[in-house]
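Same chain, two partners: chain A is paired with chain B first, then with chain C.
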Partner chain A sequence: MDYASPPIALIAVGLAMAAGVYLIAVLDRSIAVLVGAGRWTWRGAIVGPIRSAALLLVQRRRTTERPDSPGWTLAPALLTGLAAVALAMVPIGPDMAAADPSTGFVVFSAAIVFVMIAVFLHGWSPNSALAMHGAYRFGAQALSFQIPFLLAMLATALPAESLSIVDIVDAQEPLWNVVRQPLGLPLYLVVGVAVSFWGPLNLPDASDLAGGTSVEDSGVARLLWKSARAAMLVAVAAMGAAGFLGGWWGPWLPGPVWMVIKAVALLTLLLVAGHLLPRVRIQRFVVIAWVILIPLALVNIFVSGALLL
Partner chain B sequence: MSGGLLVDVIFWLFAAGALVTGYRVFRTDSMVRAAFYLLASFAAVGGILVLLGAEFVGMVLILMMAGEMLIMAIVMVMYMMNPAGLNPMWMVHQHRVAVAAGVLAFAVLAAPVLLVDFPDRPNPAPEEATAQLGEELLGDSMLVFQTAGVGLLSTMIGVVVLASRRGRYGEADEGSSEPSLELQDAESR
Partner chain C sequence: MGVRDALAHLAGGAVAPVFAVAGGGAREAVAELALSPSVELVDSPAAASVLLVAGFLPSDLHTPLAALHDAMPDPRCTVSWPLGSDHGSMPLSSSRLRIGPDDEPVQAVTRAYRALLSGVVATEPPIQPDVDPNPWRGVGPYGQGGRGMTGGTPYGRPMAELGPDRDGLRLDVLPLSIGPFFPRFPAGLILDVVMAGDLVIEGRVADSPFGGGEWRPPVGPFVRALSEPVPVAEIELARARQHLRWASDALITQGLPAFAMRVRRLAVTLTPGHASSVRALSRRLRLLRVPQWSGAGVGRIAPELLTGLALGPVSRAAGLGEDARAADPAYAELGFEPIVARDGDAAARWDVRLAEAAQSLELAARARGQRTGGVGIVEGPRGRLGPDDSPFQRLQSLLPDLLAGLEWGDAVTALASLDLDPEEAGTVAARPSRAEAA
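On to the complex of A and B.
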């Protein structure tokens, strides 16, 4: 398969990220209104995110005593870059991929693993106690979700006998992985929420730490961190659609449309879960990850492998 | 990977980045910064490996190092009694010996690059580099390696279980209590 030319691929990934982040902002506000008691308005749901972003853009920058300035500046940019790398690995059609290296799965995983570096750096560098707590929390969270995440993803590579994401989607033409590996998608979604620290697993930036790693953020840095976090959720949902829901396979509609529909459906599911489920304590999440998720992920990969033999 | 000027520029950026960040590891005054500089250095080396056509090895290096460096930073901070690793401290001991050992090790490792007469027979890039690498590394001993891998993973899980919850001073998730100063209390535990 030919690569898209680099400038076009860059622009496409950037546009997809921007559209995804705005969609998340709109969906999140709308779901909050539907779940709660408020009333949905154009002004609140559609214009609201833009107003909030504009407000952060002109907000005065605060700083702390003796922060690690390079690290503090780097962290949101790093998370944005990781989300872009992860999203670039997701093909939206058989001939429409920003990049399809033969090791796409490994590149995506590397981006996911690096999220913990970005979050730790973000919490460590402001020289602030609550931010530091958030960083250590995410250390425990990330080291716990890493193995089940990689195992759940790796199982999708088995039927394709390839680490290329395009091959992984191609191999789902007869049967989607969500049916072939019934444990895969639930596992992937649970750890995917943890990866993008959203909703019930937003532990590093939780409100019980007054905002955790982003407690000292202000202005553009806060806007960038928030949007990078949302972009990561977009990448996780898009890869879930490609890896488990058959990507571009589907009747009647053209492939890329199916891909977008599936990604948005997963995104909506994750956002609704964020509003309906209570936050999980970090101690409980670590125990769940090591005692339940890893064994389930191992069972999933053993069964998938045995079925192929 | 064949390619023109752009690939050369990227190679030199990675090479310079690996050297500079590698040097900064020893010149910085914080354990967390040292760990992250080392990570940046390894990531640059991983990028060079990808340029050399070893995509899988390069990306796996980057993937593995991220987790390892974070664990290293946290463990160092825990052992060093340095709250959050924020207090400045020297990263090197025995300066002269360390400098001599570093220069010597670099010279020994770099000498072959200049002294060895490398053959000039460019091979075509393999189609399935990752699959060939797996065949070369594992080959017939796939089952042995997989068994060892699962064994290692279960050891890891066992260690985490042993270290996690039930400690000498109570359950970890309920907050630990300090040992009593009274001998009788300590004995009756």
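On to the complex of A and C.
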């Protein structure tokens, strides 16, 4: 498949990210209201996120004592860029992809690995104790989730015998990976939540750190960081739909519509889990990742490989 | 209208981000404020546009309050909500925005927020001068090098020093003071810790700033029961409400703010007929594994350390049946028996408090005019209360051993599970003087 021209790819990815971030804001508020037994209103759910974003645009950015200003500015931009790279690798139709290099899987994985740099930089830069603790935590978290995440993803490449995401989706025409590799999607979702540090695995920006790496953020910087986190969740959900739920394959509806439906369904699942599951203790997560998730991911790969022999 | 004005106009309709300082006698009112969809209580002053100062704040907290104010970004404003206390001597007393006894607090806060965004109210200047508490003696472009970089307190901040860690290595350790307005702790609670990475090496909670005799606290049913008989139904309803408020705060600590609002709504509208709702809530929380995931094995206190301290749910979660109600004839008539658990950890405290909340509502429903109290000791929601004797004071001595060696997240969970209330120390300390005044 040909690459989309850079300007079109850039605009398409930007629009997809903006739409995804807004959708997350709307869904998250709506789920929070339902879980909290509050009163859902159109104005609160649909217009509320726009008004809150406007406030952050008006708010002046404050600083701390002797911050690492370049790093502080760079961190949200880096996370946004990584989310954009990850999302650009996800095709929404057989001929609709911002980019489909033959090594799309590798590029996506590289973007995920670099999330650790962005989060650590974000916690390090304000010169603030609670933010720094958030950065430390994410170091432990990232070292634990990267291997199972990559292994869970790698298993999807085996049936396709290719590292191209389009090929991985194509290979699911007869049977989706969620059926072929029943361990794959649960593993992917658990570590996907950790990658985008959301819900029960939002350890670097956790409430026990009063916001962790973002405790000192205000104004535009806060808006960018929140948007970048949400964009990363969009990328994780979209790749989950492509890698495990058959991407654009589905009856009656056009392929891209199926792709969007599946991505939104995964996104909703992750957001609901974020409002119902308590924060996981970092010590427990590290143990679970190394003792349970990595062996399960290896079993998943071995079984997938054996079925192909 | 410029772009900035248009954005400000749009932002005026947003949920007002408020950093709330819930001082003496204001915790319940501030917690109820958070139920409004027009107001969001944020965790950091950096995220707030409105600083809400509610209730009484002792003079020791006035300087930290000024620093908190100055940590907010522009545009910012302060709303004063005295709730019967005197805000006159506070550093923010010049604030024109004040919630009076007849005002509706949510409306007052959102009105102040909109006035700020529309420019009707000007953003507030800093209170403290923007100068370094200690002269910086660094020489490099980032302040590195020079005298005072090690062993000193440049900028008033202690620097990391080398110290032993649990693996026998010598790593950086950093002394920190968390509070008095850390959002996961009650206002006034200051935790002095020495951290090695995410690990607490040492920790102690400072004395309550509310105990200095400056305060005339409002009299709740438990304090009233120290000196006069109070209906059992009233006491037990207040106990159930406090346990649910605690559960709501603990859920926020565990990253479940939406669920916390559900629990808080139940606490606000609680009646003796809600026992089944509380039991259903308890089942749902167990189903979601909230107590087990967050608290199993965390903050465990051995029963021998608790014997005789009468720390209410904390003691009973460790298997001790200490409860002043067990010796009260009014409760014997109602068939009261203390609820105990075995593990003595944060998860057991969840179980005991939720079970006690349901039990209290059942007692309140069964009570037919029975009264309790008037003998100088009462079983409060956090344990035995007496004149100049509060659970907060008795718990303080246990905290250093409890905190040492915990990850920071577990340390916060452990402290939250104890339901520390520095304000209670001031409440029982102020009681004799109020009696004298009477």
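Worth a mention:
As a convention for this text, the second predicted complex is superposed on the first by the 309 of 309 C-alpha atoms of A that agree within 3 Å, B and C clash if a C-alpha of one lies under 4 Å from a C-alpha of the other, contacts with A are read in each partner's own complex, and residues count from 1 in each chain.
The rule is simple: contacts are C-beta pairs under 8 Å (C-beta built on N, C-alpha and C of every residue); 3 or more make two chains touch, one makes a residue touch a chain.
The model shown is predicted, which means the values in this text are computed figures rather than measured ones.
Judged by the touch definition given at the top, the superposed model places A:P200 against chain C, while chain B stays out of reach. Contact with chain C, but none with chain B, is seen for A:A32 once the two complexes are overlaid on the shared chain.
When the shared chain is aligned, chain B comes close enough to touch A:W124, but chain C does not. In the superposition on chain A, A:Q283 makes contact with both chain B and chain C.
The partner of chain A that touches more of its residues, comparing chain B with chain C, is C.
By the touch criterion defined above, A:A45 lies against neither chain B nor chain C after alignment on the C-alpha atoms of chain A.
In the overlay built on the shared chain, the residue A:L23 is in contact with neither chain B nor chain C. After overlaying the two complexes on the shared chain, residue contacts for A:Q59 are found with chain C alone; chain B is out of touch.
In the superposition on chain A, contact of A:I168 is made with neither chain B nor chain C.
Shared-chain residue A:V215: touches chain C; no touch with chain B. Overlap of the chain B and chain C interfaces on chain A: residues 68, 136, 283-284. Here chain A touches chain B in the complex through residues 68, 71, 101-103, 106-107, 109-110, 113-114, 116-117, 120-121, 124, 127, 132, 136, 139, 142-143, 146-147, 163, 283-284, 286-287, 290, 294, going by the rule given at the top.
The touching residues of chain A, when paired with chain C in their complex, are 31-33, 35-39, 41, 44, 47-48, 50-52, 54-55, 57-62, 65-66, 68, 129, 133, 136-137, 140, 199-200, 202-203, 206-211, 214-219, 222, 275-284.
In the complex of the two chains, the chain C residues touching chain A come out as 4, 7-8, 10-11, 13-15, 17, 35, 37, 43-44, 46-47, 49, 71-75, 117, 142-143, 155, 157, 174, 176, 182-184, 195, 197-198, 251-262, 265, 288-290, 293-294, 298, 407-410, 412-413.
The touching residues of chain B, counted against chain A in their complex, run 30, 32-33, 36, 39, 55-56, 59-60, 62-63, 66-67, 69-71, 73-74, 84-86, 128-130, 153, 157, 160-161, 164-165, 172-173.
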